[in-house]
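Notes for the one structure printed next.
The first chain written gets the first letter, and so on, giving A, B, C, D, E, F, G and H; residue counts start at 1 in each chain.
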Amino acid sequence: MDDMYIKKLLEDVKAGNIDINEATQQLKKLPYDDMGFAKIDNHRKLRKGYGEVIYCAGKTPEQNAQIFEKMLQTNSAVLGTRADEAIYEAVKARVSDAIYHEKARAITVERGEKAPLVGNIVIATGGTSDIPVAEEAAVTAEFLGNHVERLYDVGVAGIHRLLMNTDKLMDANVIIAIAGMEGALASVVAGLAACPVIAVPTSVGYGANFGGLSALLTMINSCASGIGVVNIDNGFGAGFLASMINRK
Amino acid sequence: MDDMYIKKLLEDVKAGNIDINEATQQLKKLPYDDMGFAKIDNHRKLRKGYGEVIYCAGKTPEQNAQIFEKMLQTNSAVLGTRADEAIYEAVKARVSDAIYHEKARAITVERGEKAPLVGNIVIATGGTSDIPVAEEAAVTAEFLGNHVERLYDVGVAGIHRLLMNTDKLMDANVIIAIAGMEGALASVVAGLAACPVIAVPTSVGYGANFGGLSALLTMINSCASGIGVVNIDNGFGAGFLASMINRK
Amino acid sequence: MDDMYIKKLLEDVKAGNIDINEATQQLKKLPYDDMGFAKIDNHRKLRKGYGEVIYCAGKTPEQNAQIFEKMLQTNSAVLGTRADEAIYEAVKARVSDAIYHEKARAITVERGEKAPLVGNIVIATGGTSDIPVAEEAAVTAEFLGNHVERLYDVGVAGIHRLLMNTDKLMDANVIIAIAGMEGALASVVAGLAACPVIAVPTSVGYGANFGGLSALLTMINSCASGIGVVNIDNGFGAGFLASMINRK
Amino acid sequence: MDDMYIKKLLEDVKAGNIDINEATQQLKKLPYDDMGFAKIDNHRKLRKGYGEVIYCAGKTPEQNAQIFEKMLQTNSAVLGTRADEAIYEAVKARVSDAIYHEKARAITVERGEKAPLVGNIVIATGGTSDIPVAEEAAVTAEFLGNHVERLYDVGVAGIHRLLMNTDKLMDANVIIAIAGMEGALASVVAGLAACPVIAVPTSVGYGANFGGLSALLTMINSCASGIGVVNIDNGFGAGFLASMINRK
Amino acid sequence: MDDMYIKKLLEDVKAGNIDINEATQQLKKLPYDDMGFAKIDNHRKLRKGYGEVIYCAGKTPEQNAQIFEKMLQTNSAVLGTRADEAIYEAVKARVSDAIYHEKARAITVERGEKAPLVGNIVIATGGTSDIPVAEEAAVTAEFLGNHVERLYDVGVAGIHRLLMNTDKLMDANVIIAIAGMEGALASVVAGLAACPVIAVPTSVGYGANFGGLSALLTMINSCASGIGVVNIDNGFGAGFLASMINRK
Amino acid sequence: MDDMYIKKLLEDVKAGNIDINEATQQLKKLPYDDMGFAKIDNHRKLRKGYGEVIYCAGKTPEQNAQIFEKMLQTNSAVLGTRADEAIYEAVKARVSDAIYHEKARAITVERGEKAPLVGNIVIATGGTSDIPVAEEAAVTAEFLGNHVERLYDVGVAGIHRLLMNTDKLMDANVIIAIAGMEGALASVVAGLAACPVIAVPTSVGYGANFGGLSALLTMINSCASGIGVVNIDNGFGAGFLASMINRK
Amino acid sequence: MDDMYIKKLLEDVKAGNIDINEATQQLKKLPYDDMGFAKIDNHRKLRKGYGEVIYCAGKTPEQNAQIFEKMLQTNSAVLGTRADEAIYEAVKARVSDAIYHEKARAITVERGEKAPLVGNIVIATGGTSDIPVAEEAAVTAEFLGNHVERLYDVGVAGIHRLLMNTDKLMDANVIIAIAGMEGALASVVAGLAACPVIAVPTSVGYGANFGGLSALLTMINSCASGIGVVNIDNGFGAGFLASMINRK
Amino acid sequence: MDDMYIKKLLEDVKAGNIDINEATQQLKKLPYDDMGFAKIDNHRKLRKGYGEVIYCAGKTPEQNAQIFEKMLQTNSAVLGTRADEAIYEAVKARVSDAIYHEKARAITVERGEKAPLVGNIVIATGGTSDIPVAEEAAVTAEFLGNHVERLYDVGVAGIHRLLMNTDKLMDANVIIAIAGMEGALASVVAGLAACPVIAVPTSVGYGANFGGLSALLTMINSCASGIGVVNIDNGFGAGFLASMINRK
C-alpha cells in the first residue's frame, strides 16, 4: 500500500539484511498501537492527511484520557468530540494543556505554533438551537486549519435574513448548512450559492421530526444540486469534509 | 341536528298530524340515498355547504356512472376526482354534458348559470411534475366558485422565480403550496406570505422520498407559521379547504 | 418587497440625497436585530401581520430573557412558547410584567390596552390528557386577538358528548380538533362542521401510537374534507393558523 | 392431545392388539395428508371446529385444484380465499360444483344440506371501495353458518349514515368494522355498540396511508374499548373470528 | 338512540306536558357530567353494559381522585388503569376503600356484594416480564365479573410448557395470549385452541423489537385464524374484550 | 494474505529471479478477471473454499451468459441465482450443459464427477408459498455438496405437522427455517432442535407484512437461542451458510 | 418426543405396572418446575444440550435470585445475562459463589471441574464502544466451553487494523463480528474469512442509526455470503450460536 | 443580488434614463423564461456556474423536447437526466444533434468546441448492477468538463479487488462510491482515500434493502470521515457535486 515502504523492505530482503520469515510478517502488518480496548491508527495521518480524532462518547473518562495521552506521544495536536465535562476533567488530569469548547462539547490540544487559518468555510444555521452542532463543525474546521465564518439563525421562516447575507454565501469555498425541524435551509442555500454545500440535519424540533429524520430526508431529497449530507447532528463530520474541500 | 326539521316534526306530533311510531322512526333517520354499494349523503349540502364529491378510484366505471346520475337528480353540479379515461367514458354514456379535465383527472358537471368566481387562491408548485396535483386543486376550487391564480415551477432551487412573484403571494387570500422531493416550498412561501398556506406534499421524486413521505414530514415540521398540511397528492383536499377559507 | 420603501429610496437617489453605493447596500438589507446567537426578524410584523414569537425550548433561560427584553423595545406584546418554569423565572427577572400560563407552558407580555377578542375559534380535545396542547393553542389564539371556546374531553369513544355540542361546532369560524391515540376526532368533527378544521395530533397514548404518529397519519388520511394538519403537539401552530382564518 | 385417541391406543397395547413399536410410531403422528408441496391438516376440524381453509394466493392454479379435490374426500364443505379467475377455472375443471364469489374473490364448495344460518354478524364499511374485503368476510361467515347483515358505506365523513343505523349495531352479536384511509369507523362503532367489534383496516386510500398502515394504527390505538384488530384487508380472518364469537 | 326515552318524550309532547322548545333541547342532549377538564360519560353503562373506566396516566393525581369520587356517586364499582402509587395515594385520600393492584398498576373500588365470577378466560404469557400486562388484563376481567385462569411463562422457546397445558387452553371460552420479543405465542396458541384468541403484544425485549412493534406485526400477520389484536401493552383492552366474549 | 504466495515471491526476489519493481507490482495485485462491467474474483475459491456465485438479477441476459462462459474456463461448477427464463436461454446458448431449476430460479453447471452429498441439512417451510425460497436454498446446498431433507408446509397454525417430524429435526446438523407472514416457525423449530437454525423470512403474506419485514423482525427478536437470520427471501444465503456449518 | 421415554412407559403399561389413566397423564406432561411467575424448562438440557439461561432484565432482583437458586438444584452451572449490580447483589446473597462479569453484565455460577475450552471463536468489534456486547458474547461462549480470541477495535475506517489480523480470521472456526454505526465490519470480515460469520449489530452511534437499525439492515443486506445475523446488542445470542457451530 | 446589475439600474435612474416605476418593477424581477408549465432559470448559470439541467422524468416527451429547444437558444450545452427512449425520440425530432447515453439514461447536446476534461474523479461501484447510476454520474461529470476514471464491481465481498486499486483511489481529487445492498463500499473507500468521498446508495438488492434505505443508512452512519451522501440512485447529484469539488 505504501510503495516506498514495500520497496525498502524488498531491497533489504535482496541484500540479505532481513530474514524472509521476518519480512513476510512485516508485509502483513502496518503499525498501530494496541491498547487492548482500542487500536490507535497511527497510519491514518499518512493515509488521510489528518491524525485520528477521538469520538469520546461510549468510552469511559479514563479510557479517553489514556487515548489522549498515548496519541500526544506521536501527534502535536489531538481533537476529541462528544466529550462531556467529566471526560474533560479526566483528560485534563493527564494533559494539562487540554482546552474544553463547551458549546461544541469538544476537547482540543494544540502544541507548537499554529499555521494561519486558510480559505473560507461559511457555517449557517436555521436557528439558535442548532448552535451546538454548528460549533462542533466550527471547532473541527478551525482545528484542521480552516478559516470559518459563522452565520447563525438565518432559517427560511424569515428568508430575508438569509438573502441579506447572500454576499457571504458567494464568498465561501464551501458552506455548511445546519438545520433541524424541516431542514429547508440546505435547499435554499444550495439554490443561491456557487460552491459545494454540506448539509447537516439536526435533531432540533419535536413531534414528527422523529429525532432529525425529517430534516435528513429533506436534505437527501433536495431539489437543489451540489449538496452532500452527513448524519444527524454530525457537526464533526461536516467540519472534516468541509476542510478536505476548502484546503484543496 | 337540524332544529327546524325537528321542531316541525314535533309540531306535527303535537297537532296529531303524525303518528308517534312514525315520528320516532323519522327522528332516527336523516335522508340518504341507499344504492346498496353506496349511501349518498344528501344531507351534506345542508351541513357543509357543498354537495358530496365522488372519489372515483376504487369504484367500477359503472358504479361511478350510476352515482353521477343519481346525484344529478338532486344536485345541479357534481365533481368526481381521481377519474381515469375509462370512468369518464362510462359517466359520459349516462351524463352527456360531463366534462373531463385530463391533467386534473377530474370530471365535472355544472348545470344552470355559474356564479362569478370570487376571491383569490394562489396555487404554487415546486416543479412541472407537480402540475397534475395542482390542477386537481385548481379544478376543485374553481368548481366551488373560487378565482384561482396558477404559479407553477417556482421551486426553491431557483428561489428568485418565487421572489419575483412575491406580489402575487401578497395578493392571495389563501395559498396552496404544492411540492415533492424535499417540499421546502411551503416553508419559504409561508415565511413570505401573510395569509394561510395549505401545503400539499406530492409523491414526485425518487429514492428516499418514500412516495412523498419526505415532503410530508418537511411540511409538517415547517419552522414557518400558518401552514396546514393535507395528504400526499391530495389536490382535492387542498382545493376544498382553500375554498372554505377564501369564501368566508 | 415593500414597494414604498423601494420607491422612497429611488426618489432619494434621483434627488441625489443618497449615494449610489449606500443605496445599493440598503437595497440589499432589510432590518433585523443581530444578537449573535439569534437574528430577530423585525420585518415579520410588516410581512405577516404578527411579530415574531419565541420558541423557548432549546435556548437557555438567559438567552430567552434577553430575546424577550430586546423584542419588547419594538413590540408592545410578545409571546413565548414551550417555556418551563426556569425560563419563566429568567424572563421575569428582566421583564416584571411577564405572565406564565402553566398548563400551556407559555409566557405572554401584553402592554397597552388590549382590543376586544373577535370571532369564534372552537378548540375541541379528545381527552383530558390533550389539554396542555389545547391550552397552548388557546393562549396563542387569545394573544392574537381571537375569541376562543373550549370544548374538552369529547372523544369519539362516547360520541354523544360531541354530538350534544353540535351547535357549538356550527357556530365556529374555525375549529381546532386535538386528539392523541387514534385521533379520530378530527374526521368526525370535520364530517359535522361547516368551517375549516385544523387538526392537531398529540403524543398522548402508548404502544403503537409511536409518539403521535398514529394520530398524525389518521388526520392526514381523513376521509372528511376541510382539514389541515399541523405537527404533533403543535398547539401554537394551530392557534396561529386558526387566528389567520378567523380574523379574515 | 386427543384423550380418547390415546386411551384407545393404550388399551390396544395392553390387550396386545398392537405392537409397541407400531404404537410408538402412531403416538408420534397425527393424521395429515402429505401432498409434497402441502400438508393438509385433517386434524384441524377436531381441534378448532372448522376444516382447513385454502389460502389460494401464492399457489399455482393446479396446486389449488388438487388441494380442493383432496380435501373434498374428507370434507363436505371447503372454502378457498384470495382466488382469482384462473384459479377458479382450474378448480372448476376438477370440482364441477365449485362456486365463485367474484367480489369476495372466494371459492366455496358446499355439499349436503346446509343448516340454517344463526346469530347476527353486522359487517359495516367506511366506503364503497372497502366492499371486496367486506364480501370476503361475509362469504366466510356465511360459509361457517352465520347470519350476516351488510351495512356498507357508512363512513364517519357523513356520520348520520351510521347513526341512522344505530339499532342495527345494537342488534348485533358481533360487528366487523372495515375501513381504509384513516379507519376512524372502528372507534365510532365501538363507542356506540355493546358487542365485540372486529376491526379490519384496508389498503384503500393513497399517499400517507402507506398501504393500510394508517388505518391499522388507528384501529390498534382506538380510544374505544372492545376492539380486536386483524391484518390489513384480512376479510377472511375477521369473518372467521366473528363466527367463533357469534356461534358461542 | 334509546327508543323508550324518545317515545316517552314524544308522548309528553303530545300530552302537552312538555314545551316544544324544551323537548327540542332534550332531544339534542344526553346526560354527561361536565367537570371542565373531563366529561364523564354516564350514558356508557346503558350503551355498552359497563361504566366508564378511568385511564389514569396523563391526568394529575388530584384530577384522578376527583373523577373517582364523582363516578362513585352514580356507580357502585370503578376501575382505574395505568395508576402509579402517587395517583393511588390521592385517590385513597378521597375514597378510603380503594384497593391498589401493584403488579397490574390498577385501582379498583367495588361496593355492595360481588356476583360470582363466571365463565373461563385463560391468560397466557410468553415470559415472566410480561406479567404486569397480564395482571392488568386479569384485574380488568375479574372486575368485570369473569373467572380468570393464569398460565404464565409458557413461551415457545420451550414449547412443551405450553403443550403440557393444552387441556387448559381447550377449556377456555376465550384466551388472552400475551408476549413480547417476537410474539410467536399467539400463533401457536391459536393453532391449538378452539376459541377466540386475543393477542397482546408487549414492549418486552430489546434491539429490533422497537418498543413492541415486532410482536405487534407478528400477531397481526399470524398464519393462524381466530386472533384479534389489541395495542402494545394494552392489558386493559384485552381484559375488556375478553369479558365481552366470555359473558355472552 | 496468502503466506506461500508471498514467500515464493520473496524467494524469487532474493534469488534475483524477479525484478524488484515487478515484485512490488505483484504484491499489490491479486488475480481477478476484469470484464469491464464485472471483476471476477478468482481468488475467492482459495479464500472461502467456494467459487464465486453469480447473482443474475440486475445483469442483462448477455452479461450473465458471458460471465458463465468466463468462469467455466477456470471452474468446473458454476451456480447462478435469481435467474429468469430469458437469462437461462442466453446462458444455454453459450453453455449447452447448463441446467435450469425452475422452482428455485437457479442455473447450475456441474462438470466432472460429483462427490457424494454429505451431512444433513433440513429445510422446513411454513407454507406452500415459501417453496421457491426453499428450493433456492436446497439447490444451493446440494450444489455445494450437502445432503438436503425437505420438510415443507409445517407452519405453526397446525403445529402437530411440525411436532410429528421432531425426529427429523433431531437428526439435522443444521436446519433452515423458512416462513413468511409472522414467521413464528423459526422460534418453534429452534425451541425443539439441538442444532443451529438459519432463519429465512419470506415476503409471503399481505397487508402489514410489509414485504417480509414482519417475519424478519420476528426472527431477529426470537426468544429461542441458536438462530442466525439472513435477508428476506435469501434462500441462497441460507443454503450457503448451512453448507459452511454442515461441512465442518 | 423422546422415544425411549415413551417405549419404557408403554412397556410398563403392557406389564400392568402403570394405570392407563396415569400413563395418559404422563404422556401429556414433560417435567418443568413451576414457580408461579416462571416455569423452569428442565427438559431443555436434554433437548438442546445446554441448560436454560436466565435473561435477568425485566425480572426483579429477588425473582432472579430465586431462579438461580432453583436451577442450581439440578444444574452445576448457570448463566444469567443483562444483570445489573442490584441483581447480582440479590443473587450473591443466596448463591455465594456467583461471579459478576461487569463489562458483560453477566452472572455465572460454575461448580465442579471445568473441562478445557475447545475450538476457536474469534470475536471482532468495530470500535471500543462495542466491547460490552462483545464481552457478553465472550462470557457466554466461554461459559459453554469454547476457546475465545478477542479482536477489538478493528473497524473499517482504518481497515489495515483488520487486514493485519487476517491470519487470526483464517484460524477461526466461527467469527462473531460486532459493530454499530454502519456495521460494515461484518461484510468485510465475511469477504475475507472462510468460516461462518455471526453478525451482531449494536446500538452504538447516534442520529440516523435509529438505535442500531442501520447496522442491522447493513448486516442483513450484506453482499458477502456466510453471514447469520442476531438481534441488536444480542451478545448472548451470538455466543450461543457460535458455540453450537464451534463445538460440532 | 447582482451588484453590477443593480448599480447600472440606479445610475440609469439617477440619469433619468429610466422611470422610477419601471425601475421598481425591474428591481423586483430577475429574468426567467416562463413556458407556462415550466419557468426556465436563466439566471442559474450566473449564480451557480452551470446552466439548468433538465430532470426529464415526470414531464411528457413533448414538454421535454420544448424545454431542450428553448434552453438551446441561450445555452451551448444542455443535459437531460432520467430520460427514457420515448423522451429521447421527442427531443431528437426537435434537436437533431441530441445524443442518448443509454446506460446512463441521459441526453446531452454539446455545441462548439469542448474544452479538455480536467482533474480526476474516480467512480467506484460495488457491483455490476450499480452501473446505470454510475454512468449517470460519469456522463454528468464529463458534461461538466471533468476527467472521469471508472472502477466498477469492486465491492467489499471480494475486498482485494478494491485494495488492488488503492493507487487509483490515491490519485483522485474526489471519489464517488456507489453501492446498493448494504453499501459498505463507501466506508471502506473513505477509510483508504485522502480526498472527499461522495456516497451514492442505490436501490440494488432485495428484501430488507427497502428500495435503497439500507445502503442510505449505512452511508449516513459511516464510521469513516470525509463522506457526503446524496439521494438513492442519484448519479446526477453525485456527478454535479464531484464536479464542483474537482474543478476548484
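The criterion applied here is as follows: a residue touches a chain if its C-beta (ideal position, glycine included) is under 8 Å from a C-beta of that chain, and two chains touch if they have at least 3 such contacts.
Everything numeric in this text was worked out from a predicted model, so none of it was measured.
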Interface with more contacting C-beta pairs, comparing D-G to A-G: A-G
Identity of the chain that, by mean CA position, is farthest from chain D: A
Centre distance in Å when chain B and chain H are each reduced to the mean of their C-alpha atoms: 38
Distance from the mean Cα position of chain D to that of chain A, given in whole angstrom: 58
Chain centre separation (chain G, chain H; CA means) in Å: 49
Shared-contact residues (touching 2 or more other chains) in chain A: 1, 28, 127, 157-158, 163, 166, 192, 207-210, 213, 216, 220-222, 225, 231-232
Interchain contacts (touch definition) - all pairs: A-B, A-C, A-F, A-G, A-H, B-C, B-D, B-E, B-H, C-D, C-E, C-H, D-E, D-F, D-G, E-F, E-G, F-G, F-H, G-H
Of chain A, residues touching chain F in the complex: 1, 3, 6-7, 10-11, 13-14, 16, 20, 23-24, 27-28
List of chain A residues in touch with chain C within their complex: 127-129, 131, 152-154, 157-158, 160-161, 164, 166-167, 204, 206-210
Parts of chain B lying in touch with chain C, wherever the complex brings them together: 1, 47-50, 53, 166, 173, 192-196, 198, 216, 220-222, 225-232, 236-237, 240-241, 244-245, 248
Residues of chain C that touch chain D when the two form their complex: 126-127, 155-159, 163, 181-184, 187-188, 190-192, 205, 207-210, 213-215, 217-225
Chain F-touching residues of chain D, taken from the complex the two chains share: 1, 28-30, 32, 36-39, 41, 43-44, 52, 55, 57-59, 63, 201, 203, 211-213, 216, 231-234
